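Below: a set of structures, written as structure tokens.
Next, two complexes with chain A in common: one pairs it with chain B, the other with chain C.
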Partner chain A sequence: MALSEVFQTTFFLTLLSLRTYQSEVLAEHLPLTPVSLNVSSNSAHQSLHLQWTVQNLLYHQELKMVFQIQISRIETSNVIWVGNYSTTVKWNQVLHWSWESELPLECATHFVRIKSAVDDARFHEPNFWSNWSSWEEVNVQDSLGQDILFVFPKDKLVEEGANVTICYVSRNIQNNVSCYWEGKQIYGEQLDPHVSVFHLSSVPFIRKTGADVYCEVSQGSVSKGIKGIVLFVSKVLEEPKDFSCETQDFKTLHCTWDPGVDTALGWSKQPSQSYTLFESFSGEKKLCTHKNWCNWQITQDSQETYNLTLIAENYLRKRSVNILFNLTHRVYPMNPFSVNFENVNATNAKMTWKVHSMKKDFTYLCQIELYGEGKMMQYNVSIKVNGEYFLSELEPATEYMAQVRCADASHFRKWSQWSGQNFTTLEAAPSEAPDVWRNVNSEPGSHIVTLFWKPLSKWHAKGKILFYNVVVENLDKLSRPELHSVPAPAKITKLTLDQRSYRIWVTASNSVGTSPASVIVISADPENQEVEEERIADTEGGFSLSWKPQPGDVVGYVVDWCDHPQYTLCDLQWKNVGPNATSTVISTDAFRPGVRYNFRIYGLSTKRIACLLEKKTGYSQELAPSDNPHVLVDKLTSHSFTLSWKYYSTESQPGFIQGYHVYLKSKARQCHPRFEKAILSDGSECCKYKIDNPEEKALIVDNLKPKSFYEFFVTPFTSAGEGPNATFTKVTTPDEHSSMLIYILLPMFFCFLLIMIVCYLKSQWIKETCYPDIPDPYKSSILSLIKFKEKPHLTIMNVSDCIPDAIEVVSKPEGTKIQFRKSLTETELTKPNYLYLLPTEKNYSGPGPFICFENLTYNQAASDSGSCGHVPVPLKLPPSQLGLMISPENVQKALEKNYMNSLGEISAGETSLNYVSQLALPMSGDKDSLPTNPVEPPHCSEYKRQMAVPLCLASPSPTENTSLSSITLLNPGEHYH
Partner chain B sequence: MLACLCTVLWHLPAVPALNRTGDLGPGPSIQKTYDLTRYLEHQLRSLAGTYLNYLGPPFNEPDFNPPRLGAETLPRATVDLEVWRSLNDKLRLTQNYEAYSHLLCYLRGLNRQAATAELRRSLAHFCTSLQGLLGSIAGVMAALGYPLPQPLPGTEPTWTPGPAHSDFLQKMDDFWLLKELQTWLWRSAKDFNRLKKKMQPPAAAVTVHLGAHGF
Partner chain C sequence: MNQIRSQLAQLNGSANALFILYYTAQGEPFPNNLDKLCGPNVTDFPPFHANGTEKARLVELYRIVVYLGTALGNITRDQKILNPSALSLHSKLNATADILRGLLSNVLCRLCSKYHVAHVDVTYSPDTSGKDVFQKKKLGCQLLGKYKQVIGMLAQAF
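== the complex of A and B ==
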């Protein structure tokens, strides 16, 4: 039995060793040759697919083998690729291998052969390659069809930057083929007479609809057709960036990433890249529907660690990113909600909020931010579910905004979003007295007190100030204090007080209470205005003021000024300074260059009485004068003149006037004494005189030449410069001799005047001496008597009634004195003119002989009526005057009054020549009817001679109106009018 | 474009033929069809520019005029002048109707594959307008008493996106589709103008007609 077992064992071992030996021998000696090589092509992928088996493998034998593959193009000898392929080969296994060609397979015939060798470690013998298989030919061209032209590869999809080889196959070599890439012709190499190849290197992305390569077949100039391909160039798929996942509720992981460029192409050639989430611990996978976020459902409560991979994929490439994390470290809490404020008062409030429930024992760390009054306060608090925080030290009547956010207290990762709410604290009583100042204007019997106060700051007002209380208490007389309530936001009130001392309290009130009072006392004595004003200059930071301390106890000093002194409402400002200070700096943005600011410094006594200590005035920046003075020239002589500008105001200038510059131009090259040479802005030379005293507003310019031309210009100057440029005023000095003439002529004139006065005073004596009076026979009383008897009804003769028909020379005495009437131009044309030659006897009262000329010739009304001008018009007098004229006395009086002045004296007896009218004189003794009867306008009469007639014939006829003429005494030149 | 349509529609009532009441004959509908054809010509100019730019070179090049290879299924608008003149109204209208039926179908296929939303909107708008033109032609044919052509079974044009058709050829088809559409619209405008003039009764004849009624 044992022997048989030993035998069996020995047999099996022998058999096994034999078997092993046999296989080794077979492997070593029987060549393992690849057989049944089959090559197929895939035009779309431009690949050759090889499949083969290995001959001589034992049953169930596995060997590592290496296969060498050779690929030739066009002909077998043109090997274009050689490569090895190693794999483990099993018995009867069909092996597959692919090779991608850069050249489209349709463009050339390819040949493939293969050989193999054992590459197993169990064989120590050197490897022996098997023999090559026979060449397998791959020719796709034969299956193309009968078209005249083909372009390959068809609609290829490549990545940006790839190299692409394109070829065309032309059936007819006679045809001319031109190929274009994006509109530009490309040139390639000819593989054979039918095939040409083009290499496009590093193709760019052009558009989603692809870039076209097309070839045009033509015979001569005739196009036979176009064939082309669309080369779809995809952008390179990018790796997703910023991939992260977090949870807000331990139920869902929200993962986000930046996808980068979209690699989608048109014509459905390539869709947008897809994104997939893969979790390695659970092995779960999820295809994401959005390109930049994806939600992952947390299914197992026990899983705390996650290994998530995000895979981005398109047709050409796959990219992935991976994160490994603990779920509890990726908590991003949801926003707190129901934020409220409870028990809000003036300074405190309680803030409450809620948070979403998470896992058991989850603790939130919450952060509170409180915004108010331009400040931000931050508080942190840990809570479970409901949060609350007591906000203290708040400001009254202030709007606050409080917001809260929370995070995982155990593993802080990220704050939630803020949740906030506004609230306003309640008001409190104002905490400080208003800052009050006053301005007192003393008027006879009263003080006009204007009270100013500054609004309380929000800090001190502690609410909305509703009104200000002004209480006025008379200190000199026991009386009930007066209360004035001024509604806010007024900052000023005016009080009219008598000239007694008053104490004024000012308080501010809001809805809760009243502030402490500000006290000011108005003294009965008028304010001391006799304080000398001192000039100050602005320093860099403002006006630096200093003053002598007020003797006695002071509670402080007040400096007041106007921000806008040029306006009526000058915006009074004041500054309180402590009792120990004797200087301060007034600085404000309101100060403007060229504006004069006046500062008053008051000392406040312990009784709250303000006492004016000092006055200061200055400019924040002095400017040059804005205008020049209006200069008057007087005392102009041949050698000098005086310039004066006394009305020029130095106070209203944008700087302190320091003096004046007087510029003088003359033809002389040398400047006058006291003047110095100066160059003007236009380059011209002139002489300049400087007046350093601003109040000296006159200048005598002397040492001038007579009859010379001078130009001057006066301009003030400040520390900033002179006034504006203006034109020079011209002055010409008079001739030197003209003044001498005045010296001669004036005395002569006075001498002449003296002689004239003497002559006038002694005129009677001179007259009697040189020209004694000639007696007038008509003035003889005898003559009067005779005439009275002959013509008792002596009337005024109307010369116009005379019709001269003869001239009778009566006598021609020497020394005839006739004073002609005034010329016609001097007479008043609108009224009939009566010229009377009256007796010289003043006391004559009865009717007597006299000559009366009624000048009706030059009546304006008559000429206007269309007549020819010599038309007498009726005398039109007011009835009252008419009535007076009716009686001879009245007539005479009136005539004397109205006309004697113009006529002077004339004596009837002196008439040496009488002109007698050639027309018949209608005689009438009715004197009453003369001036009243109307006279009809005559027929046209161009000219009527006028003659002097003897007095006997001078009898007017009031009724005759058909032919009127006048008698007048004419100058030789007065015949025509 | 919308403004242009509005203008055309606004002026439609101003056409005297359209203001007549009662049985007005085919005149108004011919005028309306003519106006719509001109509007579509204008609309196509804008659309073709956008679409050819979308295709890229060489299709958007102004002098690109390839020999017509492929696109054989598109109805050809080009026809010999003599042949065209020899056609009667019914035949012309029938050809128009059939051509636009086919073109509309291909155009809808174009719309489906357009990549940009803006282009899809423009194409959809044009399709709607073209559908309106088809309705107008049908109206004219009905007014003239011509039957509408019935599509033969199996000859219904379909748009088939397929791998069999290369993308370049597809682009070429799109190019030819737009070109044929342009030619057809030009030809239709001529047709409807000619028909419009033909359908207008001569003024003298109307006078005689009224005179006869008077007696």
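== the complex of A and C ==
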């Protein structure tokens, strides 16, 4: 048995030695030549793919070999690339190798050959190369087809900044081919008569959908077509930035990074880059589904150190970043939760919260921030699971916001997010007395006291002030104090007190308690108003006030003023000043330019009685006067006039009025005495007089020329300037003699007027006396002539004996009273022989009943007014005439003439008075037929001349033409229409 | 027939807009080389004879609609990959394909009900999936140019 084992061992050793020897011999002496070289092309990748085997290798023999490969283009002698490829070769192994061409393979024939050498350390002797294999030709052009033009490479994917070679194959060398890259022509080199090559250097990223390269083939000027390719240029893949991992629970690592640009391209040419996490200690790998974060599961085998690599990858490039860390140093705690406040009172509270449990003995460092009253307080505390912190020194009635965050206390890396909650402390009693001031108006028998107070600050109020208590205590008379409760937020109250001394207590109350009292005493004596007012100027930043100290003990001074003195509610303000101060500066944003502010300075005695010490007034900024005075011109003479503006108010101006400027313009070149020359804003010259006293509101302008034209303008001025520009008022001095003329002409005029009035009042008498219409024969001078001729038998007819013509007075039937105050003639007719009242027919629808009376004489006035026509008036007449004819007033007027009888009282509108002339009535007879178509009235010239006739002749003769007379003598009771 | 006419008119009304939208979305050199890149040079496009009988015209219409349907399918697929953000183009291509499907159904119905033609030999548009991107863009443009030309003629013929 032992022998056989020895034999076997010897045999194997011998065999091994033999094999080793054989290998060495074979390697050294038998050429290991690459055989069966097969070259294929991949147009998409522009690569040649080589496959071969190595001859003469023994079974299971492995040798390190090096292969040298030569690649020629167009012809074998044009070697464009030589390179070595080392690998371990096994028996019968098919070897593969690829080579990528920068020139599209379709554009040129390529040739490949290979030779080999042993490159194994086991062989000490120098290696020798095998023979070259035969050239293998790769010609893709033959498989292109019969198209006239081909452009390559098709749909090539390159990275931004790469160099790209483009070529075209033209079947017809007669054709002219022009190529363009994004619209711009590119020029290349001709590889052979059919092939041209273009080199694009450092191609930029243009768009995700690729950039077109196209070639146009043409023959002469005729285009034969366009062929093109799309070049896909990808952005360069960036290295992920800010790669970090952390855990919140020791179960998962959350890794994040900034991915940079997305390198995805259209046409699915390249998707977005992928991200992979690789942990080197465990060898685990995870493909991430998100482009900027990934979760890594922590194994339970308590691995503490991690070496994580993030690999970004696209079709063209791979980038990676690496981090090595201890897991316990990468803790990012989760947010605290259940934040609460317990035992909250006015000044303190207990804050509690919880944190997520991490692992045993894990300690958190928590940070608390407390926000309130515009301040922030920060506290740190270490906890395990449940946290609590006692917040003290809080302000009452204040809303606070407290928040907490935690971190790993052992290896601080990062705070968690904040978790917070608001809470409000409880109220406390107000800690300060309200600041109170008063204004006293003395009225007969009483003092009207207005109390003002400032709201307590939040700091002092310590809660919401609900009301203010005002307690009034009479100091002169023992009585029960009065309590006035004023609800907040009122800041003012008014008290009517009698003229005794009172002490007033003011306190503020909230829901918890009452503040200390503020005390003020109202003296029975009226306030001293006899204090002179002093003008002050605003210095920069406010009014600087100073006063003489009050004799005796004072507890302080108070300065009060109104922020808005121009309004009724002037917003009284006050400032408390200490007892030792004798000056202060009042400064507020409420002060406005051009507003006069009045300041009163009071001293406060130890008895809390305020005594007015001084008054100050001033402007924060004086402005020019806002308006000019309304100037009256008075006492205008030929040599002077007076200007006055006594109603101009200087108090309401936006500055202290210092005086007035009076501008005077005249034709004269020289200014009057006291005036000086001035240039106006429009460049014109005038004379100016300055009045320095603001209370002097009149000026006598004298030394003027008579009958001259002057213009003047008065404007006040303050320290800021004059009043607004306005137009000059014009004045013309009268003529020197005009006054004398007035003295003469005016009495003459009044005399003449007096004479005229007298004449008018006595016109009747004058007329009758001087030129009567019907002269009185007894008064006529002819009588003396007759007497002179001695004809005593001659008699003169008495007018009263005449029978006058008839007059109709028409009146309405409604009981209209018609009265005759006078007879129809001057001679009174006691018996109306020729006048009849005519009753009215009830069914008559005409103008109304009328009265007929005889016309004693022809009235010129009636004739002039057209009353010579018949009534009813013809409708064709113009309205004016119509009015004259039908209007009772007109008729009455006419009748009021001397030779017409008055009708007495005939009410207008109710009674119409128709004058019936001596002309014949055209419609006489038919009483029912009213003249609907009236006849034109005959001309007055046809009127029968009136004359005085005896009574017997008054009745018209039957033979007489009735058309000549309008007299209608009717028996009583007869109707006339 | 009214429906067929209406659908043809509808297609004719939108064909030019579709053509413009397409070549604009392809970018240069297409918009400025329409005659060279988008000329209606579709060699295997089914013929149409406007002076034939109604039956013959309907049969030819059927073939054309089938051809166009497949061609538009290719174009829509290609453009969705190449121009994923050209949503208006995708929408218009889909709308046109929908109308073509309706038209195809109506033409077949008419052929079947009136002329008892239940089967028509058709040719399909060649598949473009193997073509390079430039070629796909160019073929699509040529097809839409041809479609614009043919659909006008068809709308007039019916």
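Note that in this section the second predicted complex is superposed on the first by the 599 of 977 C-alpha atoms of A that agree within 3 Å, B and C clash if a C-alpha of one lies under 4 Å from a C-alpha of the other, contacts with A are read in each partner's own complex, and residues count from 1 in each chain.
Heads up, the rule we're going with is that a contact is a pair of C-beta atoms (placed from the backbone, for glycine too) under 8 Å apart; a residue touches a chain by one contact, two chains touch by 3 or more.
Here the structure is a predicted model, which means the values were calculated and not measured.
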item	value
Touched partner set for A:Tyr180, first chain B, second chain C, both or neither	both
Which of chain B and chain C A:Ser40 touches, first, second, both or neither	neither
Which of chain B and chain C A:Gln417 touches, first, second, both or neither	neither
Which superposed partner A:Asp155 touches (first chain B, second chain C, both, neither)	both
Greater chain A contact set [chain C / chain B]	B
Footprint overlap on chain A, where chain B in one structure and chain C in the other make contact	151, 154-155, 180, 182-183, 207, 209-210, 212, 214, 216, 223, 225-230, 266-268
In the complex with chain B, residue positions of chain A that touch it	151, 154-155, 180, 182-183, 206-212, 214, 216, 223-230, 232, 266-269
Chain A-touching residues of chain B, taken from the complex the two chains share	54-59, 61, 66-67, 69, 113, 115, 161, 166-168, 170-172
Chain C residues touching chain A - in the complex, by the definition given at the top	27-29, 32-33, 36-37, 81-84, 132-134, 137-138
Sites on chain A touched by chain C in the complex	151, 154-155, 180, 182-183, 207, 209-210, 212, 214, 216, 223, 225-230, 266-268
